[in-house]
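What follows is a set of structures to go through.
Paired with chain B in one complex and with chain C in the other, chain A is shared by the two complexes that follow.
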Partner chain A sequence: MNWEAFWLTVRLAAIVSTLLIAIGIPIAYWLTYSRWRWKFLIEAAVALPIVLPPTVLGFYVLVALGSRSPLGRWWESLTGHTLAFTFEGLVIGSLLYSLPFAVQPFAASFGAVDAKLLRASASLGHSPAQTFRRIVLPLSKAGLVTGFALSFAHTLGEFGVVLMVGGNIPGVTRTISIDIYDRVQTGQYSAANQTALLLLIVSFVVLSIVYGLNRYGLNRYGLNRRPGVVGPWR
Partner chain B sequence: MAVKTVPALQTSTQPISSELEVRIRKRFANPEGSFKLNVHFRALAGFTILFGASGAGKTTLLDCIAGLTEPDEGRIAVGGEDLYDSEKKRDVAAWKRRIGYVHQDLALFPHLTAEENVAYGLRTLSAAERQTRSREMLGLFGIDRLRDRRPAQISGGERQRVALARALVTEPRALLLDEPLAALDRPTKSSLVGDLRKWNQHHRIPILFVTHNGEEVFALGNEVIVLDAGRIVAQGQPHQVMRAPRLETVANLSGFENIFDATVLALHEDRGTMVCQLGTCHAGSGQLELETPLIRADVGSRLRVGVRAGDLLLATGKPRGLSARNVLPGKIRRLEQRDVIIAAVVDCGGIEFEVHLTLAARDALQLGPGKRVWVVVKTHSCHLMGV
Partner chain C sequence: MAAAADMSAALPQLVDGYTKQTGQTVKLLFGSSGNLTNQIRNGAPFDVFFSADEEYPQQLIAEELALKDTLYRYAVGRLVLWVPGDSPLDLSKLGMKALLDPSVKKISIANPAHAPYGRAAEAALRHFGIYDQVSSRLVLGENVSQAAQFVESGNAQAGLIALSHALAPALKDKGRYWTVPLDAYPTLNQAAVVLSRSKQQDAARKFLDSLRRPEASSLLSSYGFSLPAEKR
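Showing the complex of A and B:
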């Protein structure tokens, strides 16, 4: 059991999902309320990491972080080393990779807040920003928690982007999934199994907490509750 | 700059010029197609009823005044200040308008308690002041004991009170009420109206009250505006509008072709009925007694009686052995054919009734102007409305 890789992965996921709350909320706000006619292009761009092979995403991130790109040069002049094959580079790659898993639940929950409440808030003297803070955000708690947990769990299990951007440096960029891959390559099936099982359990627990909170905990105010979906097989 | 939500309470003692002036055009759509809202009116302090069928443009009009929808052109001003003026390119944002707006579905904030809902609009005040004001308002509306409950935990009538309190506590310059009482039973409704009246005696702001319930028009109105397909088709005091010009829209909306002023003459509690004298004291208009269902009223109190023309019977001879308690002799003034309905106007001692008949009934009874008839009115066909 490689605990170094495990804690590195947890640290990466925690940092990424926390940053995604800060980055995702403004993007989701814009996606929900903007009436720009080309908005769908941005929506598609945000959703890209869901369908793109991680190696493709990782490749472009690597190019963007490298010493030939403006970003890479700026970082190098600031810190003296490149972003590629560092923990910081991993964070940037993972942010992009997990962005839709945060933004989409955020935007869905913002959009689900009844427009009547927003109108009432305006009539009571609150600006759109104040309304967002006092009405939309509190009523979107479930979506925020879901987005946080999904991006956490998603980052936990990433492989392709990490390999492309971070390589495989123990203690710096070697995450659990890469560790598992390494073990399998060298025939250590039992060690690979332990780590894989741990990842499986952690991911399952995180998702269970999210779905459980959505079902029984958050945003149950009785009003405006949607009736349960009844399938056609009933 | 933050909105000046609440000038201190002393404004209530000063005479303020609170008049709402609206002159707007706006294209809007309803399920039956596209309409053009084109209205011009002033609403003074007190209740102004906006009356009209659904789809007449009432909600679009209120949304324009509240700033939630932009008119195509025109001007909206309250207390002399322009909120919207298409010529001056002025359009004050909804949240800076200080117009109270209570929608039929109330839109209470589900995650806030009753007290937090009421205090919501007092953003610019200190926490202590917010609490004082909102508790005062909760007290006025008799819902102080519910202050820690969420909207889902209180009844429909209580929610209505919270919604009204939440709008009033901000001391708006005008109040827009979009069928706020539609879902309530009658006693709850009248006590809520009482609270609203009491509040407005001190504040004297224009209250635009949307309804398509004819009874509410009489219960509330100083002034009625009847809206049909985006246009004002009648405007004035309720009894003038709802009665004198027998507009088809008005009759259809209120459901009563016959509406009379009446005075209670006697109560028969044991029989569940009472006797009302119809007719105003105007010279020339007649007087007539009618047995009606009993309501809580004192002898001598004034009310209105509404009777649907289709609920009335005509007889050419004095009927005997009828269960109906009111048999009124009269003369046919005129007959009008409306599609397959005959509307007969019958003069019963100076009071005119409109009676709807079939073509066959007219022919069988050989009805015509000047013919002597009896109008039969069942006690329970008389609908009583407060003044």
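Showing the complex of A and C:
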């Protein structure tokens, strides 16, 4: 069992899902409330990582952000190294890769908040920002937890991008899925089996927590994720 | 046919010539030799296996997954130190010691766990006594093609890759290389073998025979494969 790879992966997933809370909420907010006629284009762009092969993302990180590109040179002058083969490179790749798994649950839960509440809040003198912070965000707790947990679990299972841009450096870019791959390639099936089983259990537990919270935990306090049903104000 | 990644430029040309002569088409796939060996063990439907070293085919023969009498050492693979064209390093003067230059932040090699070129690269770094100094800067490609791509794309500043890639059109004009001396690493005896599960063993044998023709040998040597010293 490669614990170094395991904790590296957990660290990567924790950082990525935390950052996605910060990045995902403004994007989800905009997607929920914007009336821009071309909004669907942005929605499609955000959803792209769900359907794109990870190799496409890996290719872009390697080439478009590599040392031959202006963006890559800028990054290199800033940090002294290229994005590929670094932990930061994996973080950036994973942010893109897991973005829709955070933004979509966020936006769905924002959109499910009863518009009457928003109008009531505005009529009582709250600014849109205050309304968002005091009405929308608390009512969207289930969606926020779901987005956090899904992007965490999705990053745990990331493989293609890491294989293409990671360079398989122990303790830096050798994630748990790469470790499993290497062990299978070299015929160490029992080691691969242990690691795969651990990943299976962790992923199942994370998803069970998400669905359990949605079903029982958060609803008990009246924070329902179904549209139009808002506990204490009913 | 499954082949070691260092054959990714030469083998398609050999196959083209073969197809023109015989009308038979051949499907090719490439990977690290260890990776392909593992796939063969798990029932991959290949007819011929081209390995970058002799060890993997010998293992398959011992496991009765490959036909002993078909084993053919068709070439010797060479390891080179490759840098992109814009690199300031003077390889002809420094040789392997060029890797100690501070401008070299990442060095790409193939994964030694399942790629013979990766093991050759490690052995060569040890031979020159610089392995401990550079080991923290090594990045591992899935196979020697990916190691070449890492350095070709500029993401690594130097790479220990196959001479056949350095001479292939994709890399030829993009960088410079220094040939690592043969005594620095165990010889990469490239060997091909027909697999026991193949349903087209006759055609597979014929293809391997066609490699003994002078045209095939000269094509292989144009990709930097030296021919095995022993009698064919």
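One rule holds in what follows: the second predicted complex is superposed on the first by the 218 of 234 C-alpha atoms of A that agree within 3 Å, B and C clash if a C-alpha of one lies under 4 Å from a C-alpha of the other, contacts with A are read in each partner's own complex, and residues count from 1 in each chain.
Assume contacts are C-beta pairs under 8 Å (C-beta built on N, C-alpha and C of every residue); 3 or more make two chains touch, one makes a residue touch a chain.
Predicted, not measured: the structure shown is a model, and the values here were computed from it.
**Student:** Would you sort A:190 into first (chain B), second (chain C), both or neither based on which partner it touches?
**Tutor:** Neither chain B nor chain C is touched by A:190.
**Student:** Looking at A:121, would you say it contacts chain B, chain C, both, or neither? Reply first, second, both or neither.
**Tutor:** In the superposed model, A:121 contacts chain B only, not chain C.
**Student:** Touch test for A:138: chain B only (first), chain C only (second), both, or neither?
**Tutor:** first
**Student:** May I ask you to decide whether A:130 touches chain B, chain C, both, or neither, giving the answer as first, second, both or neither?
**Tutor:** So A:130 only meets chain B here.
**Student:** For A:77, select first, second, both or neither according to whether it touches chain B, chain C, the two together, or no partner.
**Tutor:** In the superposition, A:77 contacts neither chain B nor chain C.
**Student:** Which partner does A:63 contact after superposing on A: first (chain B), second (chain C), both, neither?
**Tutor:** Touch partner of A:63: chain C, not chain B.
**Student:** Within the complex, which stretch of chain A touches chain C?
**Tutor:** For chain A paired with chain C, touching residues are 62-63, 66-68, 72, 80-82, 84-85, 163, 165, 167-169, 182, 184-187.
**Student:** Please name which positions on chain A make contact with chain B in the complex.
**Tutor:** Residues 114, 116-117, 119-128, 130-131, 134-135, 138-139, 219, 221-224 of chain A touch chain B in their complex.
**Student:** Could you please specify the touching residues of chain B with respect to chain A in the complex?
**Tutor:** That would be residues 3, 5, 66-68, 93-101, 103, 105, 107-111, 120-121, 123-124, 150-153, 166-167, 170 of chain B.
**Student:** State the interface residues of chain C toward chain A in the complex, per the touch definition above.
**Tutor:** 32, 34-35, 38, 41, 105-106, 108, 111, 113-114, 138-142, 150, 153-156
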